[in-house]
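Take a look at these structures.
Look for subunit A in each of the two complexes below; its partner is subunit B in the first and subunit C in the second.
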Partner chain A sequence: MHRSLLLLSLLSLLLGGCATTTLRGTGDLGLIIERADGSVLIVESTHQQTLARIEGLGDLSHASVVYSRDERYAYVFGRDGALTKVDMLGHKIVGRVMQSGNSIGGAISQDGRLVAVANYEPGGVKVFDADTLELLADIPAAYGDGKFSKVVGLEDTTDNRFAFSLYDAGEIWVMDLRDARNPVIEKFRNIGRQPYDALVSMDGRHYIAGLFGEDGLALLDLWRPERGVQRILDNYGRGEQPLPVYKMPHLEGWALSEEHAYLPAIGRHEVLIVDRHNWKEAGRVAVHGQPVFAMARPDGRQLWVNFAHPHNDTVQVIDTVTHQVIATLKPGKAVLHMEFTPRGEHIWLSARDDNRVDIYDTRTLQHLGSLPVRNPSGIFFTARAHRIGL
Partner chain B sequence: MLQRSLLSLLAVVLLLGAAPSQATAEIEPARQRELLHLLRHDCGSCHGMTLKGGLGPTLLPQALAGKPAATLEATVLYGRAGTPMPPWHGLLTEEEVAWLVALLMKGVPDAP
Partner chain C sequence: MHRSLLLLSLLSLLLGGCATTTLRGTGDLGLIIERADGSVLIVESTHQQTLARIEGLGDLSHASVVYSRDERYAYVFGRDGALTKVDMLGHKIVGRVMQSGNSIGGAISQDGRLVAVANYEPGGVKVFDADTLELLADIPAAYGDGKFSKVVGLEDTTDNRFAFSLYDAGEIWVMDLRDARNPVIEKFRNIGRQPYDALVSMDGRHYIAGLFGEDGLALLDLWRPERGVQRILDNYGRGEQPLPVYKMPHLEGWALSEEHAYLPAIGRHEVLIVDRHNWKEAGRVAVHGQPVFAMARPDGRQLWVNFAHPHNDTVQVIDTVTHQVIATLKPGKAVLHMEFTPRGEHIWLSARDDNRVDIYDTRTLQHLGSLPVRNPSGIFFTARAHRIGL
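The block that comes next holds the complex of A and B.
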């Protein structure tokens, strides 16, 4: 009797010990936002499974995520101004600060040591130590006489710089954080009305802001900042009245191949194709609704597009050689976000109103399986850690 | 642009004239649930899921207090030209918009 008890406890000790010492990598992990519950799921894309649910992250509508360079930690930017650091292996929250009243997203520096957050209220950017979440710099987005602008399109680029746009002021600011406590800021004014989001190219060179209040976009060449901000795709709407916009497009997902950039046209059922050499229009693809995300598969061979309400049950796939729509899928109700596995053989789609994330094979376009997730929105895989501007 | 703002101005005037309180007609419980869902998620994409604001302003009762319901209804129905606030007529009826605005002014129950 005694002996078997002893054995049992030994066994459980061993088992317990095992569980904590099993080694694993983080390269196939990711987070899915459960936007209505303030929780996130840690998922693994090799076996397509959920590993853990972490609760207590607050208001996660419009939440986004960046990763530490070792892909161990996730930084989750919540709408309510919270910045939460999640341990992807320990399955727990390891740091959290309420850094503003209302925020829209953030970015991590090239060296991985700084996390910057873009805030609507009070309008500005705050910079935190990625290890400790200690506040290092606070940059109010002041303009005019004593007004503060909402900040959008905060992106990391090379040389530990960040670029962001001031929605209310129509400005782009480039912030150099070589000395994090003393940011050096260069301001570009009169870039156009109501920049609403932005992207930075994979090489960190081009920062492009979408303009809600103009028929065109603002481009800043970060290698030639002395040339200032240039208007591109001016008058792409050809003076026609845009359709009402029920969901603002997201530009971070804008797809760039070496040759072309693919941009969602705001207020139009079109994806615009731009020649990256001269930034002139190279064509457009008619699509099912107003695009929200137009994301290139990592190899650039396909473009996956989702749409705004009331067309958000549909996803279309565009061939980047022929510029034809090759598939129209109806994955579920309210498809909010899409994320490719690191090399793009699969794509994960969140169907918010069906409480499900669907996985598709990008070659066969076949549905492979689903994970139950409560009101999923963003899906973020750790491979983002090593991409500039993601 | 000009045409659109004229149109919304006209709409405001019309609505103001047309005593909006008539529009509190019954809305089916199933439709009410759909509207609540729309409010949190689709309006929420700009105004925040908890309506504390985002690209669009907060829609909490304190913020709306003192603003005429008719103006707010016109904003929802016809949008605001020159801003991202889109018109919802065609997707929502006048009765539904009146119901939503009344709910916003009173405060939205917290259940998702």
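The block that comes next holds the complex of A and C.
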């Protein structure tokens, strides 16, 4: 081979090995879901910019994301049952499986080796190798007389376990994946009707499932599972049904300060405050509409709340010491999701119908800037990789 | 120019631009201090391996590390007053200033733009631009009649503030760096004699300074600074001086579970348990020696404790529900530091006199493997970038 040709070959090899982007850290990256287009944007929060758009992820109408422990790879759970692995540095899809017909989200194990997905159809949980997306375990959510339940509220916790709820069966299952191909499952039955979502506290200890079919929530202490599932906030007012439910609220591991948990009341214009020490109601905050997300700033000092239609142009900020609403913002049309930067100095808000993500300073509550995004919904920063239950 | 030469030039340019390492995430990286050699190792915790050694960092006998918000750059605080910026991907030093004669550590601001260093000589705090290491502010720790105090316990908190203690003056200062070149400082006087180290709770709310000169600790609620500094754990037994103090214990933002703070008692073979709701003593755990670090696993379920000479071959694990010692390990000679992986599945331990870092599974308490390291002391994973007060 001619020497120039040899060098040219070397050159292209190097260019390939060097990938399409320059060397950079991954701690300030994030993904934004473009729900209508089946695409995601890779963004970075230090200079508040978009780095790339990746297309071809299918139905992202209720999509969520978890990250590998090195913060390089995103696992995107699509509504259509697809699990897509995205390389945040290479800006491309590196793996994709259609793992069910209808899925509601997933989680990644404490050690980062396992990705679990909660499925509606067929009802159950599937567990995949995080490197290869090979199927390692398939757990049908069987109950009663050969029926299968939709699975919701799938959350990772410590000791490589996951907890999830069976919507149709009214059960909570805790799955130990020390041996991933042979899950050990502990079942808690009769936990209440229609658990619809759940959260794990940031310490991985408390799993709380919201109940759509009853007036309360179900609490499981994962450090004391022998005590069983306990009902909390019984009769908080869900049963009164004073308002039709426009959108189901979401529960997430965010809504906790040191002393309180903050839960969106179903169908009511209220955020419920729960004392974390006795799990009794500690108060309520009247808010602008039916809350969807009630998310605590990482330090727990503020709670940011968005709302169901027709109040979804509004976001309210609650001071967690005084429990007063300290600001009512109108960031844009159809605010679907919010995400704090890892240490909480900023918050990013999706304004779906304005095709825009807005960035606010959480100290001054000032608008800092915007990014154009097509019908944005979920925003997910890579720092989630290091947290339990997100 | 001959074409081959041109290609060769291009090749070398590309090699340079491509840097010396391949594209990779930075969420699973860490630094280990080789205290005797003035060097650091770059490690990664997914495959538990060493990636590079970097030399020329000076006196690292009491070194600590913080990270940029993208988790790419480490800021190493050396005992000799050097601040060194290390590129974790490029495997090289990219900035270095000799900023004082004797330094005890530092912190990075919530927004990642400012690095602050606590100095003994001359006593004060210096603030640097995290990108360029340009000096932005110099705050002498002046007190009394023209004297300057050693500064200790410098911690970042929310709203781009830092808190620190003046050892000689018995004061706590809170520094607001909204305008980095014009720090606004609030001083709390007469907080107790000889504050020697401090911690900030993970929510950035509580700053606790240990007192060497008195029998108690000083607590400042940063959300309610108007209430001033409060004494806690008064008369816990420091004053009895039953034992000489072989090594000063360290306080860090790690030692907190949801309900309790865990503090190493000075000079006593005890870990003090403090109720976080009323800040009163909630018990003590008798341990094997004088505790140095008492570190909570990220979920708060376990406390790992190492000890001063002559018990520094031992590590004990305490269950935070029962407050019983559940394991006594002998990992190696002179265990100086411990670091949990971000979600707590493993712990890395420095055995200085065995020239080794050991890795344990925190669930099974089994030894998983070791890395050869020259006289290791501090271990610091990049996940610290996303936390308040570390």
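The rule we apply is simple: the second predicted complex is superposed on the first by the 363 of 390 C-alpha atoms of A that agree within 3 Å, B and C clash if a C-alpha of one lies under 4 Å from a C-alpha of the other, contacts with A are read in each partner's own complex, and residues count from 1 in each chain.
Following the convention adopted for this analysis, a residue touches a chain if its C-beta (ideal position, glycine included) is under 8 Å from a C-beta of that chain, and two chains touch if they have at least 3 such contacts.
Remember, it's a predicted structure, so these values are computed and weren't measured experimentally.
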For this session: Would you check which partner chain A:386 touches, where first means subunit B only, second means subunit C only, and both and neither mean what they say?
Result: second
Exercise. When the two structures are laid over each other on chain A, which of subunit B and subunit C touches more residues of subunit A?
Worked result: C
Exercise. After lining up the shared chain so the two structures overlap, which partner does A:55 touch, if you call subunit B first and subunit C second: first, second, both or neither?
Worked result: neither
For this session: Name the contact category of A:298: first (subunit B only), second (subunit C only), both, or neither.
Result: second
Exercise. Touch check for A:309: first (subunit B), second (subunit C), both, or neither?
Worked result: first
For this session: Answer with first, second, both or neither: which of subunit B and subunit C does A:134 touch in the superposed model?
Result: neither
Problem set entry | Touching partner for A:70 - first (subunit B), second (subunit C), both, neither | second
For this session: Considering only touches as defined above, state whether A:24 meets subunit B (first), subunit C (second), both or neither.
Result: second
For this session: Mind sorting out which residues of subunit A both subunit B and subunit C touch, each in its own complex?
Result: none
For this session: Quick one: which bits of subunit B touch subunit A in the complex? Just the residue numbers, please.
Result: 4, 37, 40-42, 44-46, 48-50, 52-55, 79, 82, 84, 86-87, 91, 112
Exercise. How about subunit C: which of its residues touch subunit A in the complex?
Worked result: 3-4, 7-8, 10-11, 14-15, 17-19, 21-29, 44-46, 67-73, 88-90, 110-112, 158-160, 201, 203-205, 223-224, 257-259, 276-277, 298-301, 321, 341-345, 363, 382-383, 385-388
For this session: Would you mind writing out the residues of subunit A in touch with subunit B in their complex?
Result: 35-36, 59, 61-62, 79-80, 101-102, 104, 120-121, 150, 152, 167, 194, 196, 212-213, 241, 244-248, 309-310, 334, 352-353, 375
